[in-house]
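Please find the structures below.
Here chain A shows up in two complexes: once beside chain B, once beside chain C.
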Partner chain A sequence: MAPKVKLPKPGELSIIDYSLPATDWMDTPVEFKPNTFCWGAKGKDLETLGLPNARDWNPSEEDWKLPENWEQTVLDGIAERLSKYRSFKIFMDICVRCGACADKCHFYISTGDPKNMPVLRAELLRSVYKRYFTKSGKLFGRLAGGRELTVDVLKEWWSYFFQCTECRRCSVYCPYGIDQAEITIIGRELLNLLGLNINWISGPAAACYKKGNHLGIEPHALTGIIDSMCDDIEDITGIRVNPTFNRKGAEILFVTPSGDFMGEPGIYTCMGYLMLFHELGLDYTWSTYASEGGNFGFFTSNDTAKRLNYKIYAEAKRLGVKYIIGGECGHMWRVLNQYMDTWNGPADFLEVPKSPITGTVFENAKSTKMIHISEFVADLIKHNKLKLDPSRNDHLKVTFHDSCNPSRGMGMFDEPRHIIKAVCNNFYEMPENTIREQTFCCGSGSGLNASENMEQRMRGGFPRANAVRYVQQKHGVNMLANICAVDRAALPALMNYWNPGVEVAGVTELLANALVMKGEKERTLDIRLNDLPGKGGNE
Partner chain B sequence: MKALYSFLAVIVLILIATLGVNVANMSSVFGIIVPYLAFVVFVGGFVYRVIKWGKSPVPFRIPTTCGQQKSLPWIKQSKIENPTSALGVIVRMALEILFFRSLFRNTKTELKEGPYGPQLAYGSAKWLWFGSLVFHWSFLIIVIRHLRLFIEPVPFFVQMLDGLDGMLQIGLPPIYLTDLFFVVAVTFLFLRRILIPRVKYISLPADYFPLFMIFSIAVSGILMRYFYKVDIIAIKEFAIGLAQFHPVIPQGIGVIFYVHIFLVSVLFAYFPLSKLMHMGGIFLSPTRNMISNNRMVRHINPWNPVLEVHTYEHYEDEFREKMKKVGLPVEKE
Partner chain C sequence: MNNTLKDLLEEKRSVILTKWFDSILDTYPADDSGFLKKQKDRFLNPIGHTFTNGIDGVLGGLISGQDVEESASFLNDIIKVRAVQSFSPSKAMGFIFALKKVVREELKKEIRQNQINEELLGFESKIDDLALFAFDIYAKCRDQLSEQKTEELKRMTFSLLKKANLVSEIPAQEFERKDLDFNI
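Entry: the complex of A and B
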C-alpha cells in the first residue's frame, strides 16, 4: 500500500489545463500519479476466476511481471477479437478524427489530458492495430498512424482503459456511432490476457463467482442483513416485513445489486424494496445464490461476465419462478438488457412478466422475462395502486441523475421520473445537455469506484457535480436521486467534495418514504431513521 | 509537420502527372491505364473491405440508445432514437447518412467563471455539422454531374441537377454553386484541423492527405472549366470512350486535364485503404443499425462459448451448514 496522498481542494481541481503537450501524443509517455489509478489485481482473485497470469503486482512498480511472449499474446488477442466483433473492426477502421467526441468525455473535460479524448483513447489501440493488421500501417508505419507494441504502450493502454468508465457518451455524438466503451471493453479484455486487471474489479468479480455477490456476503449473513433492515422498517412503520429466501415456487425472483445490502444510502433503497413488496403482498423471493444483479465481470471480459451472469437464469429455473424483477442498478441493466439473453438465454422456462396487481403484461421483456423495478412501479402508480403521501418528501428538493447505462444502453428515462414526480413535490431537472442520453457519468463507473484513485474519481465526476451545483444554487436542490447502486456508492463522496449539502438516494427510497402502508403507525421517521419534518416542512 | 508531409505527397503526385504527360509523353498511361487500374482497385478494394467487415459477426445487439425505450404503453417511446422496429432503424440510419444526425448534436464544452464558481457550459456548435454536410452533399452532386460526361444521352436527373447547380447563370460557362460550396467546405475542414489545437493534435497525415487531394482535384477541375476552358466536347468523347471500353486519347487537351484525372485516380485507389471507408462503414455500425428490441427478441451470438460456471450445487456444497443454521432451504440435507 502506498502512503495516503492528500486530495487537492475543489478549487485546485477545477482549474483545468487544456493546453496540449509540446510533444506528439505518441511521444508523450504515460505518467502514473498517485491518487489517480487503481491497485493491480490480486493473484488469488485471478486464480478464482481462472484468469491468466495470476500473481500479485503493483502498477506503480517498473516490473509488471508480464508473461513470456506477452506481445504475441496481445496480437493474437487482437486478431481473435477482430474476427469475433464486427464493431471492433469497423471502429478501428472508420474513425475520421473529426474530434466531435473529444470534449464529450467527462475525463477529458475534467483532466484536460488529450489522451482522455475518446478519439485518442481509441487511437492508443488503433495505432497498434494499424501497425500489425493493416497494409498501410505495415508499409508506412508511423506515417500511416501505426506504432510498435511496447511495454510503454501497454502501460498507456492500462492507464487510459481504466480511465474510461464505458459510459458511451462519446458514442452519442460520433457521426458513425463509434463507441469507445466497446473499444475499452476489448482493450480491457486484452489486458486481462496478461493478468492486468485492477483489484477493485477482480476482487468483487471473484467474490461474486464463489459467494454469489460482489461484496462476498455469505448466505447466512445476507439473511441477517435483510433481517436487520426489517427491524428498522418495523421501527419506522410498525409493520413487520417477512421476506423469504431461496423459496421454490415463488412467482417472482428479485435480484438487485449487492451494493444495496451494505452501506448508506444503498440500504435505504433496499428497505424500500422490502416495504413495497410487502405492501403489495407480492409472491416473491430473494436468492442468496443469485444475490448479485451487478456484474464486474463485464469490466473484465465477455467470458467472465457471462459466467457471473449465468446464476440469474439458473436460479430462476431452479426455484421455478415465473419471471424476474431487477432492482436499481446501472451497468447491471446494460448487461441484462443487451447481453443476458444472448449469453445465457433463452429463458423459455419463464413466462412473460405480468404484474399481479395491475395485470399489465410487459411485452417489452417478452424474451428476457426480466423487468426493471422502475417499470414495475411506474405501472403501479399509473394505475393508482399505491397510496402515496408525497408531502413526506417535502423537505427534499430533488434532481435526477440519469445513470449512463440505463440511459445509453437501454433508454430508461421517463419511468423513474414518473415515480419521482408522484412521490416528491419538488423536482428540478439539471441542464438539458447533462441529462437523459447526454447525461454525465458519476466518474466512478465500470469498476473505478475504488478509493486509491479518489482524485481521478472526483475529477471524472466534475461535469456531473457541476450540473448538480447549478440546480443546487438555483433551486436549492438537496437530494440527488438515481437508479444505480454504483451511483449510491460513488455520488455521496462526489457531492461531499463538490457540493456539500446534497445527499444521494435511490428512487425506491423516496418511494418508500412516501408510501402509505396498510396498518402503519403515524410515521415520525424517514427511511434513514431521521426525524421526518412535519407536514408542510419548516422551511 | 504531418500536414506538410501530406501536402508534399500531393505535390509529388501533381508533378508525376505533369512530367509523365509533358516530358515522358505517357498520356495514354495517365489517361487510360491509370484510371482503369484505379477503378478496379477502388471497386475491388471497397468490396473486399466490406466483405471483410461482414465476415466478423455481430455477437451482441448493442445500439446506443438516444431516446426513451419502449416499455409501458402510456410512455412515449422515441421511435427513431431508440427504435424497436426495422422502419425505425431505417429512419435512424437515413437521418445519420443523409443529414448527419449525430453530428448535429455536437456541443462545445467550455469552462467559465459562473455566478457560483467555475461552471461548465455546453454551447451549440453546428459548424462542423454544417461544413461536413455542405462538403459531402456538394461532393455527391459534383460526382453525379460528372455523369453527363460519361453517358449519352445524358439522363434526365443529371440534366436537372446540372441545371439547378448552374442556375445562377453567372459567367460562361455558368458557375456551378457546388464548386463554390465544395471549395469553401474543404477549406473549412482543413482550417479547423490546423486551427483548433485539439483537432490538430489528433490529426494524422492520413487526415490531411485526402483533404489536400480533394482540394487539388477541385481546383484543377475549376481551372479547366472556368479558366483554361478546355475543349468539353473532346473530354466528353474521351470519357464516353472510357465508359464504353474503347478509350481514345483526345488531342489538344492541356496537362491540367491529366493532373485532374490522375489525382482522381489516386484518390479512388487510396479510398479502400483509408479512413475514407467511413462511407461504407457508416452503414454497418452496430451502435446505430441495430433494432433496440433486446428484451423482446433474443439475439444470437454465433460463437457463444460454453464456459465453466459456479453452479448452485457447488454453492450449496460450500455453504450447506451455514444455510441450514439460518433456516435457508437446501437441496441436499
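Entry: the complex of A and C
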C-alpha cells in the first residue's frame, strides 16, 4: 500500500513565511545583480598601467579568469602590506566590534545589508588575515573568526570593496580612529594584484597615464574646449578672456579635475575659474599635460596613484611657477593634502602660496605649496576684493553638500559657505547631522560613478538625497551646490530620481554668476546661457 | 466602507501599522542590530522614516475611503526606495499585499464575531486597486533608472560632439523662419 500522504489543511496553506533563510554571514555568498555593480576592467587598460593579469573579464560570469596560484598572490600581498603599513596591521588587530561605525555607512543605511556595516566590511578581509596571519586563527580557524580564502570570498571582497566609497563617515565615529577607507584601499590593492579592478576606474586611470587626464583629452582638444568656453563667456559678459597654456614663468599653475572640461554642469564651474582669474588679472597658466587634478590611481593602488600624481609637481617645476592652485574636486584633495607631499615632494622648488591680491600667506599649504580655489576665493571675499551682485542668484535657493574628501579629508567646512553666503541671498543648511564632518556621501565616490551601477548609486545616495528633500520641502531649495567634480557628475541623476527640481552647481559657478567684472555688459544671461530672471531675460 | 470595519481598523491602527512595518522589514537581510526599526532619527534612518510615514498615509487613505490617487505621494515614497534595493519586482511590491495578511490576522476574532466578511472583501479589493496603481509607479521608477543612464552618457558627450562639429544645434529663431515654404 502506498504510504499515506499528509495533505496540508487550507489554513496551513495560507500561512506564508515571508522571512529569509538566515545563514551566517560567512556562508552567504554574494550575488551579482544587474544595475548594482560596475563592469570589470578591460585588459588593454590594465596593460597600459602595467597591472597584472591584464585580460577582459565579466564580474557576472562564473569564471573571473584568475591567474594560477592566485591565493598565494593575495596572501603574499597581505603580508607585504602588513609589514609596509603599520596602520593596516593596527586596523586589523585593534577593532573591538563596538559597533559605533555600523550604522554610519550610507550603503548600510540604505540597504540594511549587514555586510555594508563598515565593521563587517572590514571583517571580510580581517577574517582572512586572522586565518593566515594570527596564531589563534591558524590553530582554531573559524572558532577564532578566521576563514579560508576561496573564490567566493574573493568575489565578496570585490563586491563590497567596490561598494564602499571611501567617504570615511564611519571613521569619524570610530573610538579607535580606524580609517575604514584605508581598509578598502588595501582591499582594492589586493584585488588589483589579480587584475580585478572596475572599468570605470582603470579606463580613466589608463587615459590619465597616457594623456594627462581621465577623459583622455589631448592638448589641442583641451585648448579648443577652453577656447569655446571663452566664446560663451564673451556672449554672457562681453569680455574676451584669454587664458594661457603651458606658459613658462607664470606665477601660478592651475590644475583642476578634467570633469570640469566636459559635461554639464562641470563646464560652468570651469567657466567660473576663467572669469575669476581674468577679473583678478592673475598671472597664471593652464597645463595641457598636468590636466587632471583627480586621481583614479588612488582607487587602484598606492603605486598607480603616485605615478599619476607625479606630473603635477613635475609640470610646476618645468614651467617654473611659484605655487599651485587647485580647482573644485573631492578625492583630488585627499590625495594632494595627505599623500602628494610624501609621494613626490618635497616641492622645495616652489614657494609658500601667497595671494598676490590680498597678501595672505597660506601657511596651511606650507609644505604642499598647493591651495584650494575655495580658500583662495574666501580670502578675496574676506578682504573685499571682489565686486559681487548676489541678486543675480536670487532665483536660486541654495543648499551646500559637503563633499566627503574636502570636509573629512582636509577640514574644509567654512570657506565654501563663506563664498556662497557672499554670492547668494538664499542659502539654507541641511540638518546638522548630515553636513560638515557628518556629511553623507553622494553614493558615487571613489570611482563608482559609472552608469551601469545606477541602482546601486541611487540607493547609496539616498541618505544625502533625503536630507536635500527636507530643505527642498521646507525652504523650496532648488540648487545643490558643492565643490567636487564627481558630485557635479553624479548628483544630477541622484536629484532627478529622489528630488526632481533640484539642480546641481559648483560653488565657483555661483560666484561667476554674481561676479561683476570690469567693463562687462549688462548681464541678461547666467553662466548656463539661460535668461537671468528679473535681469532683462524673458523669464 | 461599513462603519464597523472602519472603526475596527481605526481602533487597531497602531498595531496594524507596527505589524505591517515589521513584515516589510522582514524582506531585508537578517540584521541583529535592528537598526532599521530602532533608529528613529529621520535623517539617520531614511528607510525607516519613509516606510513609517508612508504606510501610515496609505492606511489612512484606505480607511477614510479616499481615491487611490490621493495616496499616491505616500506610495511613491515607499516604492522609490524599494525600486533601487535589488528586489525582484514581485518582492519589491509584495509589501502591499502583506497588509491583507496583517489585517486578517489582527481582526480575526472581530471578523468572525461581527460577520463583516463582505466589508473585508471590499477593503481588500481596494488594496488590490492600490497594488495596480503601485505597479505603475514601480515601472516608472525602473524606467527612470534606464533613462538616467542614457542621460548621463549624453551629458558627458554632447558638448564634445558639438565641439568636434559632429552635431550641431539649430538656434530656435532660425528654425522658426517663416520665409521657407515647404510643400509637404
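Operating definition for what follows: the second predicted complex is superposed on the first by the 513 of 539 C-alpha atoms of A that agree within 3 Å, B and C clash if a C-alpha of one lies under 4 Å from a C-alpha of the other, contacts with A are read in each partner's own complex, and residues count from 1 in each chain.
We adopt the following convention: a residue touches a chain if its C-beta (ideal position, glycine included) is under 8 Å from a C-beta of that chain, and two chains touch if they have at least 3 such contacts.
If you're wondering where the values come from, they're calculated on a predicted model, not measured in any experiment.
In this superposed model built on chain A, chain B and chain C take up the same space, so to speak, and clash.
Touch criterion met: A:458 reaches chain C, while chain B stays clear of it. Of the two partner chains placed by the overlay, only chain C lies in contact with A:36; chain B stays clear of it.
The partner of chain A that touches more of its residues, comparing chain B with chain C, is B. Shared-chain residue A:143: touches chain B; no touch with chain C. Of the two partner chains, chain B and chain C are each touched by A:470. Once chain A of one complex is fitted onto chain A of the other, the partner contacts of A:109 extend to both chain B and chain C.
Of the two partner chains placed by the overlay, only chain B lies in contact with A:212; chain C stays clear of it.
In the superposed model, A:433 lies in contact with both chain B and chain C. In the superposition on chain A, A:99 contacts both chain B and chain C. When the shared chain is aligned, chain C comes close enough to touch A:267, but chain B does not. Clashing C-alpha atoms with chain C appear in a single stretch of chain B, chosen from 113-121, 221-229 or 239-247: 113-121.
Residues common to the contacts of chain A with chain B and with chain C across the two structures: 16, 18, 20, 99, 102-103, 109, 114, 117, 224, 431, 433-434, 462-463, 466-467, 470. Considering their complex, residues 23, 25-31, 33, 35-36, 39, 41-47, 49-50, 80-81, 84-86, 94, 98, 101, 141, 144-146, 148-149, 151-153, 155-157, 159-160, 163 of chain C touch chain A. For chain B in complex with chain A, the touching residues are 5, 49, 52-62, 64-72, 74-76, 78, 81-82, 96, 100, 102-103, 105-109, 111, 114-120, 122, 128, 132, 196-199, 201-207, 273-275, 277-278, 281-282, 284-288, 292, 294-301, 303-305, 307-312, 315-316, 318-319, 322-323, 325-329. The part of chain A that touches chain C in the complex is made up of residues 16, 18-20, 22, 33, 35-36, 99, 102-103, 108-114, 117, 221, 224-225, 228, 262-264, 267, 431, 433-434, 451-452, 454-456, 458-459, 462-463, 466-467, 470, 489, 492-493, 496-498. Against chain B, the residues of chain A that register as touching in their complex are 14-16, 18, 20, 25, 50, 82-91, 93-100, 102-104, 109, 114, 117, 119-120, 123, 134-136, 143-145, 168, 171-179, 182, 209-212, 218-220, 223-224, 245-248, 288-289, 303, 306-307, 310-311, 314-315, 318, 337-339, 341-343, 345-346, 360, 362-368, 370, 375, 378-379, 382, 407-415, 418, 431, 433-434, 437-438, 462-463, 466-467, 469-470, 473.
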